[in-house]
Amino acid sequence: MTDAATLFGLCAAVLVGLGLYGFIVNPQPLRKIIAFNVIGNGVFVLFGAVAHRGGALGWGGDPVPQALLITGLVVAFCASALAVTLLLRLAEEAESVTLAPDVPAPAEPATDARDA
Amino acid sequence: MSLVDLFTVAAVSAGAFFFLAGSVGLLRFPDALTRLHALTKADNLGLGLVVLGLLPRVDGVLGGLKLVAIWLLALLASAAVSQLIARVARRTGPRA
Amino acid sequence: MAEFLLAAALFVLAMVALGFVRIMRGPGDADRMMGAQLIGAGGIAVLLLVSAATGTGPIVDVALTLALLAAFASVGFFKSAADAPTDDAETADRP
Amino acid sequence: MIETLNAGLALLILALAVWTIVARDTFAAVVGFVAYGMLLTLVWVQLHGVDVALIEGAIGGGLTGAMLVRAAARLRRTEAAARAEHPAVLTRMAAVLVAGSASAALAVAVLTLPDPAPTLAPETATNLAATGMGNPLTGVLLAFRAMDTLLEAIVVLFALIGVWSLAPDRVWGGRPGPRHHADPDGILAYLARVLPPIGLVVGVYIFWIGADLPGGKFQGASIIAAMWLLAVMAGLSDAPPVSRTWLRLALIGGPVVFIAIGTAGISAAGAFLAYPDGLAKPLIKAIEWALMPSLALTLALLLAGVPERPAR
């Protein structure tokens, strides 16, 4: 039992390192997001390994860290979704910047209806 | 070894063989469409035979239904996905 | 019996690991998606085998979730390829 | 045998992780990441976290994969320029050093974890009966650590507000994402007609059994969100304009019920988010039922993206 925790714990340690390396070295923002996710997965798996070691009373793991993992995974997904959306919007805007580097992007028409 | 065990061993082994066939085909076949053909064998037959082999071991009707549902879902997914991938592959054509 | 099922799971895992080689080699995006698809199908089979070997029923629900969403990434792939008809090697190399 | 299986799994995961980091082509890296997400599900199963495996399967294997694949395809035209940027050798060396030491430090920590492991399992077991839940994770999520779950539901909502606020003025409050079209007799439309009803049943089933067995609202909500997105991608359904009142009410409904029940706890049980004796189970059920549709909608709209079309 403890073997799985140690094995995947070590695997998680390597994942964090790999992600960190990719996060620093890869120039593309999307690759940085993916690398950051790899770091996150490493942290989560490490946490899961610790939870697994705390298993008692017929439960395979300590339920408190496992429950926090569920919250963590959902929040990590939301952060990634926000980051990816931000990046896609940036690519939309930056495209016009690349095509005409000297001309500022046209301002949005001020007459647009805004609803709250 | 009981008859049920024998059945499981036979069906799961056959399923594993189709995963072998699918993987080798995916690696060795020359172009996207033939590789797709190999992939669907692993999806359909490999998973299907594994499910078949495990069916006598489940407890309760619900467990069995879930196993069959997994196989049917995999069939549906693989049928749809292989068509979609094939369309992309045909349009983009072979490229190195 | 449990040993046999786990051995079968290991074998299936080793086989779908070859799908990774297809992801690496490509050459087309479609080929890479196929590699991921194979790993997904193999993952479902491994889950079912582990569930039967360890007698953990709820693992089947995990397999059910994966089976349900197996097509999802590929549908996204198809849509993005369909949305951008010229999206390919040609445009990737455009200055 | 199980040790060999685990070792093989760990190796394959690491190989895929290396690939997602070093692959030249971003799309190739993303596909590797999708496969890696599916295999992580197996890791959670081997670590005896079936609840976590369910959420990883739904989010890591499904939603994240589709999101990244589409992003990689849309960003492909920026690839060539980005490839020209090469970090200096010095940066690479420094990165190796930083990453290596982080890994080494964590590995040392893993190998020197205290034995016996500290655990809250006995405390959870003693107090679980008071919540009326059979699944300890649901008990932890909605009773012992209910504050985390409440804040999470709000963070998810904030992320959605963040996404919406990226909309340009002319489509402010409009419909998210492009309008998808697909051949109505084609295979994609067929898949999107057959799969969502099944997915809805499975999603509700996973949610329902979450009281006593692995499962719960997050897992169920992710599955349902994926099914709705499938219908949208096949052109069978369309995302509603984000300025619709019913939509906003549905989004905040879950957190509002959660906060209301939590606030009622101040007078009824003496603390925020405390449940009166004997009422814990029905109150937890009420929160879960209110939270699940809100979560499903929020996750789906997060993936649907920025409003791109006017509301009309």
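Every chain is named by a letter (A, B, C and D) in the order it is written, and numbering of its residues begins at 1.
Here is the rule we go by: contacts are C-beta pairs under 8 Å (C-beta built on N, C-alpha and C of every residue); 3 or more make two chains touch, one makes a residue touch a chain.
From a predicted model like this one, the values you see are computed outputs, not experimental measurements.
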Between B-D and A-D, the pair with more C-beta contacts: A-D
Relative to chain D, which chain has the most distant C-alpha mean position? B
Based only on mean CA positions, could you tell me how far chain A sits from chain C in angstrom? 21
On a C-alpha centroid basis, what's the spacing between chain A and chain D, in Å? 11
Provide the C-alpha centroid distance between chain A and chain B, rounded to the nearest whole angstrom. 31
In whole angstrom, what separates the CA-based centres of chain B and chain D? 27
Using the touch definition from the top, which residues of chain C touch two or more other chains? 19, 29, 33, 35, 61, 64, 68, 71, 75, 77-78, 81
Where chain D touches two or more other chains at once, the residues are 2, 46, 50, 63, 67, 72, 74, 77, 79, 188, 191, 195, 198
Touching pairs of chains, all of them, please. A-D, B-C, B-D, C-D
For chain D, which residues count as touching chain B in their complex? 187-188, 190-191, 194-195, 198
Residues on chain D engaged by chain C in the complex (per definition of touch): 1-2, 4-5, 8-9, 12, 15-16, 19, 23, 25, 27-28, 31-32, 34-35, 38-39, 41-42, 45-46, 50, 53-54, 57-58, 61-63, 65-67, 69-70, 72-74, 76-77, 79-80, 178, 180, 188, 191, 195, 198-199, 202, 206, 209, 213-215, 219, 223, 226, 229-230, 233-234
Per the contact definition, I'd like the list of chain B residues that touch chain D in the complex. 69, 73, 76-77, 79-80, 83-84
Residues of chain C touching chain B in the complex: 1, 4-5, 8, 11-12, 15-16, 18-19, 21-22, 27-31, 33-35, 37-38, 41-42, 44-45, 48-49, 52, 57, 60-61, 63-64, 67-68, 70-71, 74-75, 77-78, 81-82, 85, 88-89
In the complex, go through chain A and note every residue touching chain D. 3-22, 24-28, 30-31, 34-35, 37-38, 41-42, 45-46, 48-57, 59-64, 66-71, 73-75, 77-82, 84-89, 91, 94-95, 98, 108-109, 112-115
